[in-house]
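Paired with chain B in one complex and with chain C in the other, chain A is shared by the two complexes that follow.
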Partner chain A sequence: MMKNRTYLAKIAGCIIFILCLIAILSSFGFPFTPYAFDQTSEHILEAPSAQHLFGTDELGRDLLTRIIYGSQLSISIGFLTALIASIVGITYGAIAGFAGDRIDTFMMRGIDLFYALPDLLIMILVGIIIGRGTLGILLALGLVSWMGTARLVRAQFLTLKNEEFIEAARACGASSWTIITRHLLPNALSPVIVSLTFIIPSAILAESTLSFIGLGLSPPACSWGTLASEGWRALRTEPHLILWPSLFIFMVVLSFNLLGDTLADTMDPKTRV
Partner chain B sequence: MLKNFCKSTPFLLIGLVLVMTNLANKQTPRFEANTLRINLGCEPPSLDWAKATDAASFDVVSNIMIGLTSYANDLSCRPACAESWQILDHGKHYIFHLRPNIRWSDGKPLTAYDFQYAWRRLLDPKTAAPYAFFLYDIENAFAYNQGKLKDANELGIRAINESTFEVRLSRPIAYFLYLTAFCPTYPQRQDIIERYSNNWTDPGHLVCNGPFILTKWQHEYKIELTANPSYYAAKPSLKTIKMFMIPEQSTAFALYENNQLDFIDNRSLPTSEIDRYRKSGCNEYRDIALLRVSYLGFNIEKKPFDNVKVRRALSLAIDRERVCRILRHGEKPIANLIPPPLLGHSDFSTEQSYNPKLARNLLAQAGYPEGKNFPQTFLLYPHREDTRLLVEVMQDELKRNLNIHVDLLNQEWQVYLQTLRNNTPPIYRYAWGADYPDPDTFMNLFTSHNGNNNTHWSNKTYDQLVSLAGCEANPVKRATLYKQADYLLCKQDVPIIPVNTAAQNMLIKPWVHGIIPNALDLQFFSSVGIGD
Partner chain C sequence: MSKLIIKRILIMLPLLWLIATLTFFLLRVLPGGPFDAEKNLPPEIIANLKAKYHMDRTLPEQYYIYLQRVVKGDLGISYKYLDRSVNDILASALPVSLTLGIAALFLAIIIGVPLGIVAATKKGTAIDAMCIICSTLGVSLPSFVIGALLIFVFGIWLKLLPVALWESAWHVILPAFTLASGPTAYLARLTRSSVIDALSKDWVRTAQIKGEPYLQTVINHALRNALIPIITVLGPLSAILITGSFVVETIYAIPGMGRFFITAVSNRDYDLVIGTTLIFALLLIIANTIVDILYHILDPRITISD
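Showing the complex of A and B:
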């Protein structure tokens, strides 16, 4: 069982690595075909062929190129959201967990408050205030995804801070700052890393959802979500337009989830078989 | 939280698929006897024909009401409420003689006073009717509508007696009769409107004189019309018209394929399906070129579009034929505002309207060689699927031919209209459909005083040409005047770039007979029948 899992995780890791590599390389203009943004009215809505591996869209653009270009945004949004979530979440959770008592209660009620607000509503509001574009989406996603991490870190801190090695550190005269950064954080980090592998695909999916309902990017920028949204309208006649972007979304989300599962198994000694 | 949100997505999707397959499998009879089922696309904002401005409202009103005249299939005016009319004083004085046997749906006879009331109400500043400009050529009408004149009796509108209606114009406009065939000028009942005030258009309150009456209005769902037993002319063979309000194209299309709608048009047809039907040669498919022009407008007070060379350069940098190939609704390229076959239209020629080299030269002369230092600017468009495609092509054309980048920004329709009026963006996308089959309906738009002229462009010569052409009786001279004005607007000063004319695409089930589409896109169902 365990062996099987690691095997899957390795494949998942490879897929993620390759997709990230493509996204990074493409931002340096690497595998762009001659049909990058050239809209050619002679090639509208062509089915996949040797020349256009994934076919072309309704403006005659090569879909493979669009998907590679879209991966830059989709993947970077995934990672950046995870970054924002971890920075805010870890700081918030660490303060709450370490301080304890009233401050802790107060801060946790704050999180409850955030939890109570519907995600989509917040994202739409932020989108309206900041304006549509990468920054707006990023902030919106970051804003709704840090609470989980914060709770996790706080819980870890609450259990760890009464452990003997912390008491020892305090007896040696270590400052609070040293205790948090040198002793508590490194020990609390493994579940956080696992949770990050779940935040990334969620963010990719959420960005796709936002773009799908038309709250995402403005053209000609694209992500997998906008591509899927455009393709969906021609579902019956040009299925390739929806097939490829959704396949990529599916692949990356599944890979991250598999990776996350395996990481959780390996890092948590209690569930180790 | 994010996770919860994502977790629910698959379930939603599965639900959606289940609903769709359920819809697809359900067996229903092919049609309902004597019932026409169509899609309005949205809730009509107002059924008060003095206030309505949009296709959904007009589709309802033009089937429950008739005016002084009505359109024949070839869009000529034929007598309706008016049995005959006299045109006196070289076209400045009209006398309409009403038919004696026309009754409202509540049994009261239709009189000339109903017209007098309706027209005065349309012009009353308190009504704030968007279509008040329709009657501006009536004596004192403009002053009255602007609030400068208080007494409605001074208007050139008068009911001489129960069956005679008199109109005096301030200038002999050639297209006046057309105005009497369109919704805003239909008669209205003073007693009904005063009794129910804002609710007078509700079913049960609303009285009408057309082939159908309004019997049901379930908001955001459906409107039901039934045949009017007291209609003066031949009774319609339809008993009921069900007008659904389905905003999603693909949903409406699925309903059509599943025999739950009998007739659909662009509002319910995804572009890819139009292609498929056109190519398949299916006899359910029909299309017709519309008198509807879509154009890009500039705010000529905003830099860099205050420079006429920049505007001309942009106009020359757009390959309109390519735009039409991409839009795929049967659009035709156009470089002038008057669409064929109207009087004074100019034939489209690619050589004259698309010249990237000349465009680059003009841009260089304006101070932006190869698009360098071109200020950041944006194009505003309404949030609708077909317009998104159009503006994306525009963006690409300008990037490729002039090397300038234009940001695209969209707004919801009502917000968009407000922005156009209050704070016109540097470039905007708009389309204008003819209200009557005459070039004036287009040319009038860009005269200095027209409320729909958002370009801030004002040109005395143009105003004069349009005004002269409006009163010109000789068609040849009229055409020349309109051509001059059109040239001034689209080639010389270029406050707008006309891009394409639209077409209506329809699917009509084989058991529906007698739907005759027209270029004004008005849909009359009085002669429609259902049956094998």
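Showing the complex of A and C:
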């Protein structure tokens, strides 16, 4: 079983690597552009064919090209959200865990408040205030993703700071800053890395959900989420328009989840079987 | 128990006030107003409209007027659904969303928990792998894609179930399954890991050595202890259900709270947004209180402190 799972995780890792590669390469001028459209009647809403592998949309744009371009936005949203979440989460968790006592209790209540509110509610309100551009969506996604990381870091800090090696560092006259950055953080990082592999797929899913309810990225921007939600409108007549983007979302999210599961199993000896 | 409930109510009131205040000012800060969508209104009419809804006053005055009304139980009026008060809209939308949410929660529990138990007791076998795969699928697709899939198979292809609106009990089935997909997967994974954890405990081994049948051990000893982490997530799970309802109600054109909330936000329908937000918060507080009470019933060792 264990062997099977590492095997799956390797495949998942390869899929993620290939998709990232596609996203990066396509940003260096790909032969087609996602906005080039062919409005001659025979190429509009075409089913998949040899010329257009994934078919075309209502403006005659090639769906494969659009999906390749969409990967830039979808994948970078995933990674950047994880980046924001880890910066905010690690800082918040480190302060709470290191300070302890009252400050800790107060900061944890703050997290509880964020947990209590439905994510989408926060994202919608923030998205509207900052605007529906990529930046607005990123900040909104980041704002609802950091709490888990903060809790993990704080829990690690609380147990680690009573360990002997911290006491030794303190006895040697190390400053709080050195203790946090040199001794506590490196030891607290492994669960954080695991949690990041779960933040990325949920950010990609959340972005597509936001686009679907019409409060995410707006049309000229093209991500897998916007493509799938555009496809949703033609579900009855042109199912290929929702099929392909969803398949890509599915692939990347599944890969990250499998990778995360395996990482969690290998890094946490308690659940290892 | 009654002490807990009284305490919760006492905390609830300031919390609701805080949420109402935050949403009130947040919405007023947003660019755009409720009458922007009307085309080419003469300035006099806009001024009249604003005066009617007290929007010509200063913000603190508006806030004061709003609070005065809310305290009396009047959540205001909708600017978009003419002649409908927010109370009226919520009274019609809340039962719809509650039905959907409870149906989905029920589905998630009766599918997810057994799936997790089976996976845990057959750990390492093909059955376990199947359960893991099913639950990973459930969390790897956006819910609107799952909805599209269900609509395509059961609505368009097999023509078995209605795909939109909210009329008969048949109309509940597809939305409830769509809404339940994420929570089911979540519960299955959680049940699996907590049952595996409980099965490795000493008391399970003791029961086994004494000759108790395996199934009975699982149910009496492992499951009961595994239920505590499961109950814990029912609180966050209700938040997930509310988030899900936004999407599911949009997919199936269901006149519930989630759909009203989304249209109200886009329309800057101030009072309706605050009203729905308050009800959502209230629902979550109630859900969390129920969870705490269940805790106490399941494991009397847990004392309820706050």
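Heads up, the rule we're going with is that the second predicted complex is superposed on the first by the 260 of 273 C-alpha atoms of A that agree within 3 Å, B and C clash if a C-alpha of one lies under 4 Å from a C-alpha of the other, contacts with A are read in each partner's own complex, and residues count from 1 in each chain.
The criterion applied here is as follows: a contact is a pair of C-beta atoms (placed from the backbone, for glycine too) under 8 Å apart; a residue touches a chain by one contact, two chains touch by 3 or more.
In this text the structure is predicted, and so the values were computed from the model without any measurement.
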Chain B versus chain C as contact partner of A:Asp119, first or second or both or neither: both
Which superposed partner A:Leu258 touches (first chain B, second chain C, both, neither): second
Which superposed partner A:Pro220 touches (first chain B, second chain C, both, neither): first
Partner chain in contact with A:Cys20 - chain B first, chain C second, else both or neither: neither
Which of chain B and chain C A:Ile199 touches, first, second, both or neither: first
Partner chain(s) touched by A:Ala99 [first = chain B, second = chain C, both, neither]: neither
Touched partner set for A:Glu238, first chain B, second chain C, both or neither: first
Partner chain(s) touched by A:Val88 [first = chain B, second = chain C, both, neither]: neither
Touching partner for A:Gly148 - first (chain B), second (chain C), both, neither: first
Overlap of chain C and chain B interfaces on chain A (superposed complexes): 115, 119-120, 205, 209, 214, 235-236
Residues of chain C touching chain A in the complex: 23, 26, 29-30, 123-124, 128-129, 136-137, 139-145, 148, 151-152, 156, 193, 196, 236, 239-240, 242-243, 246-247, 250, 261-262, 265-266, 277, 280-281, 284, 288
Chain A-touching residues of chain B, taken from the complex the two chains share: 1-6, 9, 249-250, 270-273, 275-276, 322, 325-326, 328, 383, 385, 388-389, 391-393, 395-396, 400, 407-410
Chain B contact footprint on chain A (complex, rising order): 37-39, 41, 44-45, 58-60, 114-115, 119-120, 141, 144-145, 147-148, 198-199, 202-203, 205-206, 209, 214, 218-220, 233-238
Chain C-facing residues of chain A, complex: 1, 4, 115-121, 124-125, 128-129, 201, 205, 208-209, 212-215, 225, 228-229, 232, 235-236, 239, 242, 246, 249-250, 253-254, 257-258, 261, 271, 273
